[in-house]
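See below for the structure under consideration.
Chain IDs A, B, C and D follow the sequence of writing; residue 1 opens each chain.
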């Protein structure tokens, strides 16, 4: 009998991008075995997708509620569930598993509305189960490295944070599945680029700096004719402790594929990291030459090494970063299973991070509606 | 008798950075000969600096007014003057030469106050002399290339403009000459980073896109204790025609030497240019691979070739870009001397650009004082 | 009962780098299940390593021969074996599995001696089993893209091939396990850097260009005092059809982590790819701007898409490239299992590629011994 | 009376690339005034070119001999001459000026034949005049920085030198002037790419490392049909002291504009510099992160600062590097004029460097004729 964590999945049927990512991420370090799924919005599609994945027919469900109920009763039912549906389903699905003590690994943003997010936080508080939010970019080794260096004071007190997340895939009207729900307020929520990628940028900035956004002023645009949600957002940020920042998210910036980038400047140094070149961290101690710190290379420390599998110069990428979130979660889940406390270094995005993301989106939308007035979070 | 334009200089004594730059820029294409100067704030220093430059003793002046008066009377007096003093001297100096019909090549920003800028515009309107403002970054060949491509519709209607100009040299308190006047409101004006480099960023964005900023919301900071002017500025921009933008200027961003960078996104393409890698322009037609266009290389056109001296792969830099402004000015001056109309392609930043820059600084300061309220320009 | 290919492993015990890589690679696309192993050189270590991997005790073997014999008799014995030992073990281990019809996935270089390589080719010819050599760099999507473009004539007839593979990890004497066997002729073979990484460079150049090396002239060095195998190699290449090339492999080049890089120039274009930035391919049609083709981005075609899991801008790395070899092998193995012909696009490095690699190493060593005389291959 | 050095020019008429470069280079730091010229191969063209440059009619000469004779007799005749003709004219022209005590600043390669080079060395030995060879790439500040760091032992004893100089402008047959003489053995000499750019690569490698090439093995190709001189060269190098190297020069590598690049690896560190990104030097102390040293930035020392005009982040380029050779020469010429010893830091390429370059070309051609046999230099 394998010791792997028994995993179920809600959403992630054929053609879903992020479902496949979660499955690969769960396999890379061999901590999980996918054993059940409610993969699509209809029982037929769910069966087809489940069979394609090699799931036993009796563990393929027509909807997530049925799955939660039955799996909770099975002797070897799932211990954790990955929720990878469009945003508006997150709340209802997560609630069903949380209340049955099944750990939840949920895609971001947390929910489609701030109200749902707040309810979900309460549901999680009442549950013994863990809640893990896949703000996957926090799983990159050099993001961990940056965070550890900043925490150690290597750039001094932070003054300026520049974070941006431009893409170009929605520069024109699109009607394929991935685009359709992300541009539909009913399924995506009030934020367009802000919800889909702005939340990543916001989360990354806070994760790396250890700061929180106290207030923001946002100017949102929907450039593509007929679009109902923002596809470009300009946001000014004020952090606790006095740091200031800018955040740009865009889905209409031709030439940018997935160009999440973070730059942080403190009193005694600066740092830069870009998601498309993730194995490198640029670090400048004020008055010294810029240094290139590579994953597992000289100058990289334990926080990055924990998240890393192979030597420097052998690039790890998006899937490995995503897998790191799964593997951190696995350590927490196994500790829970064994009645132990997990290694204190285990770190993953939580439901509180998710709530903060929803507050960020809500504040952006409200600020923009007031002509970019400052909104406290 | 050489045909070179007889040039005087106000400011630019020993140890001045920008004075030396102007002199080299004036020499590169051999259109000017420096023949007179009021180089420093005292007659003694001016003599010393003038002699070091090989100027004849009788063409070295103790102040700019004396120089303007005498040179205007000389048979072979100066035809043009370069004004390279701290900002607060620009207005008074420029006025003296303009009213005597001597062409003015003035460093940016135009003046230290918006009121002075408006008066100077009037003085220029009354004068037959030309007024050239050295927003030198518009002299880079690939900036011209970008501008020509955008004007030709190669990226479609513009949606988003991202411009930034971070530096790190004022991350700590500094008391050497270059830093001292730039952080002193009496000499620099109301803008710190906004005036010194933000005006370059603003000018570059407008020059390349052909757009103007209609309104802005600015959050200015002075991070270094005791600093009286902004050393970091976050600005949201709204352009005519509906484009939106962000502008970041900073003098406290460790690891950034002179990192002016412009990105422009339109309905059908995107473009990126960085001052520290100036011979390259990145161009992405929507849905096609990004292309690297190099100065004088394949894909670069006449607008860049006019500004370029040597083949692709032989980098031209800051001084050549600066020289291009001088050489454009020279064409205009020589045409004026010869009673001709200059080549219609001749393009250089004008006093109106300078006024717009001062309006930009003024709007930033006023917006920030109102907690980043939108200010129309 | 899962449909996964039942996989065994020879070598790859605790602390082995490449064994862990093979295991992750086999899991990423979920085609394999590791079920047996002879993981170390002693039964005790093998048991410890096998248990750590969750293998059942009765499928952990003290040596590869015992494993081959027993697994061949089991009803659900392994269908394929990954051989990830030091080089000198490859031949003897592979032979045992080949002769029992078990597919072999073997790390490179093929063997430690050319004689062994030739014997192994014969053993493979006699076997019904497949032989897959993990020249993993051929699994990168953009390597496939480059190969497809060259085959389609996009750079014309090839003139010049520049390939290099510098590293720095052996710049000083090292005595840890990974270094020890790689610098020991008994276990590694006659080539040092040439065998360990030069074979990758040679294979990559041939794979992408479709050319073969006809002759070479090599100047090998062992710079670190006491080192018995080359740690730096300079090689001039002559290909069939008239193309010429240079190959540089080095383990003593500080600042290079794993800097495999290939550049190919033809009559009508050029191409460049670097392993440390693997999602990008630079392509210059002669007389046009250089284009950046990204994995799954515009301009990338089917050959890359087959090898790719996620959208452009989401970097895939070394492990995914390695997994692509495993997944190509899986398609071939499953087709064999089902009595079918695999998809004609299925492509992986074969034992013939391995033989050519050994001939390359042999020729390098012989050429260098003759003061870099040309050696035909 | 200006103190500038009175300069003449041989060659460099209208349409000549390198003549214009020399003129700009001579002006940048204001040490020279061009006062005479024998600019073209016919008196008519020479007059036209001279007038276009503003030279007085009586200082424009129909040939270099006439110019040497008359200028030597003039009271204020030229003190130095720039020789910028095709290679085969260098020897005869230089000799005329040297024997009249006029300093020579000569473009590379030194001559078109090794025999001429040796005669010219003797002519220079007999002359009181200085001989400066414009291996201009040695004038780049970060090349000086690299040289100083290596001399100071910052990378330890050198093991490996990789130098390359690929271009693409001769990928097809060309008949314009610049191409015509460079591919004509009568005017260019026995080396094609080896003479035109290989000499630069050879010179740069030796200048930076302080080493000399003891022997080489070269494989030269002429890929373009009908071409009479090599357009691609692969060369293996052996330096004094045991370092080994590779040199690649090519004029048929599409996508490479002027991609001279040098990498040097020693026992305790590595360095990399690329001409197309000349303000940056990459330095890796073994076992530490790679550092980016910028011109005039932190970590850059006096050797670079001497060659630099403006702050870090303000790129200096090819013309400034070229000007540095002129300015070093000016210091030596002015010291000679004043009967003084120049600053010991003054460094420029000499006739001995030129002779070594011709020996390099000769060795390449002879080695290649013997199927890449090793040739001692």
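In this section, a residue touches a chain if its C-beta (ideal position, glycine included) is under 8 Å from a C-beta of that chain, and two chains touch if they have at least 3 such contacts.
On a predicted model such as this, the values are computed, not experimentally measured, just so you know.
Comparing the centres of all chains, each the average of its CA atoms, the largest separation from chain A belongs to D. Chain pairs B-C and A-C differ in how many C-beta pairs are in contact, and the one with more is A-C. One simple way to say how far apart two chains are is to compare their mean CA positions; for chain A and chain C this gives 34 Å. For this pair, chain A with chain B, the centres built from the Cα atoms lie 43 Å apart. In whole angstrom, the spacing between the mean C-alpha positions of chain B and chain C is 55. Across the assembly, chain D contributes residues 256, 283, 290, 294, 297 that each touch 2 or more other chains. Of all residues in chain B, those touching chain D in their complex are 2-3, 17, 20-21, 23-24, 27-30, 54, 167, 169, 256-259, 275-279, 294, 297, 309-320. Residues 283, 287-294, 297-299 of chain D touch chain A in their complex. Within the complex, the chain A residues that touch chain B are 155, 159-160, 162, 164, 168, 171-172, 217, 219, 221, 223, 232, 234, 236, 238, 244-246, 248, 250, 252-256, 263, 265-272, 282-286, 290, 371-372, 374.
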